[in-house]
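Paired with chain B in one complex and with chain C in the other, chain A is shared by the two complexes that follow.
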Partner chain A sequence: MNRVVVTGLGPVSSIGIGVSAFTDGLREGRSGISPIRSFDASGFPRRNAGEVPDFRPETLLRRIEPTRWGRSSQFAAAAARLALADSGLDPATVAPDRVGAVVGTTSGESVVVETVTAQQVEGGFAAMDPELLGQMAAGRLAHAVSTELELAGESLTLATACSASNYAIGYAYDTLVTGEADVMFAGGADSVCRWAHAGFFRLGALTADACSPFDRDRSGILTGEGGAMLLLETLDHARTRGARIYGEVLGYGVNCDANHPVAPDRASIAECMRTAHRNAAVKPEDVDYICAHGTGTPANDSVEAQAIFDVFGDRVPPVSSIKSMIGHTMGAASGFGAIAGALAITHGFLPPTINWTTPDPALAGLDPVPNTARETGVRVVQNNGFAFGGNNAIVLIGAVE
Partner chain B sequence: MSGVVITGWSTVSPAGVGRAALTERLTADVVAAAASTEPPPPVDVTGLSDEPLPSTTGHALVDFDVRAHLGRKGTSFYDRATALAVVACGEALSDAGVLVDDSNRARLGVVLGTSLGSFRSTSDYTRDTLVQEKPYLVNPVLFPNTVMNCAAGQAAIRHGLRGVNATVATGPLAFLDALRYGTNAITRGYVDAMLVGAVEEFSPHRAWNTWLTGRQVPTGEAAAVFLLTRAEQPAWAGPRREAEVLALATAYGPGGGESADRALTGCVSRAVRRAGVDPAQVSHVLTGETGVDDTDEFAPACAALGHTPTRTRVGRLFGHCDAATGGLALATFLAAEPVGARTRLALLTSRSPDGGTAAAIIRGWSGAGPADR
Partner chain C sequence: MTSAVPDAAAPSPAVRVAGWSLHLPGAGTLADDLADWSGVPVQRLAGALAGAVPAERAHETLGRKGLLYKEPATRLALCAVHRALGLAPGRVRPDGVDPETAVVVAGNLGNVATVAELARTIHAEGGRAVSPLAAPNASSNVLASTIALWFGFGGANLMLCSGATAGLDAVRTAALLLRAGRAGRVLVVGSEPADETAIGLHQAGCATSQLRAGAACLVLTRAAPSGRGPVLLTAARQATCRLGPGGFDPATRWGDCYGAAGVVNLALAAALLDAGGSGPIAVTCGDDTDGEREVWLTADPGDSAEAITPDTPRVVFVDGGSGAQR
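Let's turn to the complex of A and B:
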């Protein structure tokens, strides 16, 4: 059984593109929220989101042509390209069939689906553009990464909604542990779209202009987008090539609420934490920081905090939500969480929960790292991801012992 | 060898609900082939759509009614893909003889394959935001249907499955990818058993997609689900062993074309090696190819095997079923009447337009079907 380490980070986010800008964004507690530009939001009561308006795929992608791929595929491929560059890995030194890509997503090529739908509204089904129909398959997110980096190993898209990046990291970890692969790109990607914006609004889960997780007056999410990819490789492979190592993937746990399509389940989330700890051989007292799912809805943050109290008892580590900065990036969310966790370990700081003003008496005992990043040593990070469908997934990342 | 076995399965397909319906359809096809007549033609699907369709016929289960199988409670907001999948999961549990209770539900999961979830659900939701005076007045209860994990999540709710729950969205590769995902979850010890399947629904959206992208066969729909467990299975995972998943392999040929030909040949070679079988013993190849002249999968597979086994294209009988194609292929192999040898070896292949490839080697034990129970 191989040990698995993180050696490359590729964030394409609203607070920074590339690991250096993203790290600065986390440290500064930057907000990536802006007025929606990707669609006409004028008819919506809420008009802000965590878009990535600075994303210029043509400046990042070398092989795939942006015009032939949807926005989410472009995010995934660009993020993987950045992760490769950050890792310093020379692709020529690895057999292509020993390198794969696993990409998590909630809505896949949502913008493409919306474009063909607009064509259908305008001119009927026959008016849908065949070229765009060919770009619609969610499997293209992983295929974009594989094509961009000329990878011949596994190319898998996992669609487990808002915990999908953790699923992807977990599955990639398994393929490395078992020796199926030497190097894997894992993470997630999603794009801001009308239908999700409308759906979250109608669920009463969308806030106006600032997402404030764990605050007493929190009132919902802001939709976000981006690509978050990590380069994972076996510890032996990393050491042999003298790689800089951010941290080790210690293990992960997934389970399913099997209860309600959208409402989170305290007992099930607590059980997922225990499963992840068991699989990673980590005890609750080993965890120095929890990178929360922390969507900013009253229900999620309350249920997540209670589950944390159930598992951690009176030794609750700091718990912060980077969604306060970048919004809810859906399938990319836990990928950004994993990147933030790896950076926390490497640089010794906790990303803050910004927009936090008022303690929630119901969450007494929870330290959300309010508003300002905190310098402190971090050895083990728990990265939470929960989702519609009751798809809970938690990844543990630690400093290499 | 993976050490993972199949203890039961079911399909909801144009042939009907349940494995008996599929077996009957396949038997009729064998009889028809012997008489040199054509397979059953696609059926009139105009009743499934208020919108114009590119063709009045397709391979759909037109009289499918989820309430007849699961009742009204909890099913009223299912979309068609979810309904097909949840029914197929229940039928597979029942076929395997698995009773889900508090002693096993945390060790039993489900993974389903899809192309993009329900194209109809997502597109209709977007449509509402475009045509309504107030774009945000969408139906919140239908929002989860726009998310690709809807079917797997609802299957877990309906059947009480708290173990690993996942959705793989790789279109034509999705069933074999789900098989690999489910097998991994079992061999890594995360669960003891998994329902592994794939689903696609018939809808005007998919029918037009098939038509406009130039596919040569009618649009089909199906859900196919299998109960997988480790060879040393817990007693609750079913008394029967119907088949063994010997090996799975995937590879990517960037850009498709010859690069993907090589990827698939490599995949098949790797799967055969891992399975520890003599390639000459692989008697059936089941592909996702659509046309008679299409050998995109069969030719690379034969190159790896070194001989030309019998080929089955499930698309001939069931139309263009995208993600569900691989599941129908496995079901077709397992449903076939055993001839001669006690065990049979099949190779399943899949390929996506961008260059994704996958292969599985399955050993079927003859006489292990329901009649043997």
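Let's turn to the complex of A and C:
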């Protein structure tokens, strides 16, 4: 049974592109929220999101032609390119069919879908741009990574909504553990778009200006975007090539509430944590930090905290939400959480929950690492990811023993 | 789930198709066609392809309650699961949640009509006109989560939208979940609708076949020596016949279930073996754009010892060329 380690990080986010800028953003508690620019939001009462206006795919991508791929594919491929560069891996030293890509997403190529649909509404099917139709399939997110990096192994996109990156990391982990690959790129990507913004607004889930998870007065999410990819490889492979190791993927757990389409389920989430702990062979007291799903909705944060209390009892580790900084990046969210967790272990700090002002009496005992990053040793991180449909996926990352 | 820590060093269990269903409305002639092609008497095949009601009559299989706001692909998928589990017609009321059963669904077009309608509404009437009730159906994975809710399946839950290979991608994913000890049983479901939006998109991307609404379900388990049902093989061997592109292909003979095709073809192989056809049968899905995937199915228990890995050969075509050829 192979051990699996993280040796490359590729964040393309609203608080920084590349591991150095992203680390600085987490440490500084930077906010990546800004007025929406990618579409005309003037008709909405909510007009802010975590867009990545500085994303210049042509400066990051070397092989794929950005104009032939949708924005989410560009995010995925650029993030994977950054992760490869960060890892120092020479692709020529690995057989192409032993390297794969697994990408999680919520909305796939949502901007392309929206554009093509608008064309259809305006002028019927004949008006749809064939070039854009070719860019529309969500499965292309993984293919973009495979094409950009010339990978011939598994190439799979998982659409498990907002826990999709953790699903992807888990899939890659199993592939490496069982010896079916030597190196895997895993994470997620999504784009800010008008219809997701409209949908979450109509669900009453959007807040106005600042997302404040675990705060008494939290009032919802802000949509976000980006690409978050990690380079995972077997420990043997990493050691043989002398790689710098951020941390070890200790294991993961997945389950489904099978209870309600959108409302999270406390008992099921707690059970997912226990499943992940068993799989990773860690006890609750081993966990130093929980990178929360922490969307900032009243329901999620309450249920997530209660599930944490159920599992951790009176020894609850610090729990913070990086969605306070980058918004809810949907399918990329738990990928950013995994990157933040790996950085927490490597650099010894806890990313903060920014915009936090007022304790929630219902969450007494929960330390949200308010507003300022905290320097401290971190050996084991629990990265939570939950999704519509009751899809729970939790990844455990630890320092390499 | 309560499964143990995976131990990849332990002998890898084979994967058995413990149950299946083909829910292809209007596919009666496909049985005749398959009988002619395979030499298996049509009387033995007809039952497997009979009894599939279309989405608008799903209540005849599922009962009347709970189908409001369920899209055609979701309804067909629920019907396929209901029938694969051998349940009598009528609403299922699960006693609780079964943490050992996972759901992996394959399909690409189940939500496109809703997405198009949402965009159309926003375009015409603005964001306030969007119904919150329609929002869950905009997520492509609503099929997988609805199956979990309906039947009480608490294991891993995911939806693959990976184009023409999605069906056998799902089978591979299910095999990985079983092999890693993350589920004791996996329901693999393929489902596609054939509404105007879906047909338009399918034709725009692949005009050589006609999209057709349908679903299929496979109940996959780790193979026990005493178990019933055919076993998946991954080692290359001489197949007696091929179902899918390059052989008897329902997509060209009846209609293309696109992302569900791999599941349909594998369920058809199970039906063929059950009817007395000889194996191993090679089952394929895919196209020139999305790549191809292949798996083998055999009824012969003696072959199961060679079923050592859930991996199946996959050729990835990206950016106009095969990954393996670059």
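Quick note on the criterion: the second predicted complex is superposed on the first by the 401 of 401 C-alpha atoms of A that agree within 3 Å, B and C clash if a C-alpha of one lies under 4 Å from a C-alpha of the other, contacts with A are read in each partner's own complex, and residues count from 1 in each chain.
By our rule, a residue touches a chain if its C-beta (ideal position, glycine included) is under 8 Å from a C-beta of that chain, and two chains touch if they have at least 3 such contacts.
Every value quoted in this text rests on a predicted model; they were computed, and no experiment measured them.
Asks: Taking chain A as the common reference for superposition, should the pair chain B and chain C be classed as clashing or as fitting?
Replies: By the criteria stated at the top, chain C and chain B clash after superposition.
Asks: Scan A:N2 for contacts with chain B and chain C and give back first, second, both or neither.
Replies: After superposing on A, A:N2 lies in contact with chain C but is clear of chain B.
Asks: By the touch definition at the top of the document, which applies to A:W195: first (chain B), second (chain C), both, or neither?
Replies: So A:W195 meets both chain B and chain C here.
Asks: When the two structures are overlaid on chain A, which partner does A:E225 contact: first (chain B), second (chain C), both, or neither?
Replies: The answer is neither, since A:E225 touches no partner chain.
Asks: In the superposed arrangement, which partner chain does A:E304 touch: chain B (first), chain C (second), both, or neither?
Replies: In the superposed model, A:E304 contacts neither chain B nor chain C.
Asks: Figure out whether A:R278 sits in contact with chain B (first) or chain C (second), or with both, or with neither.
Replies: So A:R278 only meets chain C here.
Asks: With the two structures laid over each other on chain A, which partner does A:V113 touch: chain B (first), chain C (second), both, or neither?
Replies: After superposition on chain A, A:V113 lies in contact with both partners, chain B and chain C.
Asks: Is A:Y171 touching anything from chain B or chain C once the two structures are fitted on A? First, second, both or neither.
Replies: After superposition on chain A, A:Y171 lies in contact with both partners, chain B and chain C.
Asks: Using the superposition on A, tell me which residues of chain A are in contact with chain B and, in the other complex, with chain C.
Replies: Residues common to the chain A contacts of chain C and of chain B are 43-44, 97, 106, 108, 113-114, 117-118, 120-121, 125, 128, 130, 133-134, 136-139, 142-143, 146-147, 150-161, 167, 171, 174-175, 177-178, 194-195, 197-199, 201-204, 253-262, 268, 271, 279, 387-391, listed in rising order.
Asks: Can you list the residues on chain B that touch chain A in the complex?
Replies: It is residues 51-52, 54, 105-106, 109-110, 114-117, 119, 122-123, 125-131, 134-140, 143-144, 146-150, 152-154, 156-157, 159-171, 173-174, 177, 181, 184, 188, 190, 204-205, 208-209, 212-214, 250-255, 263, 266, 352-356 of chain B that touch chain A.
Asks: Within the complex, which stretch of chain A touches chain B?
Replies: On the chain A side, the touching residues are 43-45, 97, 100, 105-110, 113-114, 116-118, 120-121, 124-126, 128, 130, 133-134, 136-140, 142-143, 146-147, 150-161, 167, 171, 174-175, 177-178, 193-204, 253-262, 268, 271, 279, 387-391.
Asks: Would you mind writing out the residues of chain A in touch with chain C in their complex?
Replies: Chain A residues touching chain C: 1-2, 43-44, 64, 96-97, 106, 108, 113-114, 117-118, 120-121, 125, 128, 130, 133-134, 136-139, 142-143, 146-147, 150-161, 167, 171, 174-175, 177-180, 194-195, 197-199, 201-204, 251, 253-262, 268, 271, 275, 278-279, 281, 387-391.
Asks: Considering the complex alone, what residue numbers of chain C touch chain A?
Replies: Interface residues on the chain C side: 1-9, 94, 97, 99, 102-103, 108, 112, 115-116, 118-120, 122-124, 126-128, 130-132, 135-136, 138-142, 144-146, 148-149, 151-163, 166, 169, 173, 176, 179-180, 182, 197, 200-201, 204-205, 290-291, 309, 311, 314, 316, 318-319, 322-324, 326.
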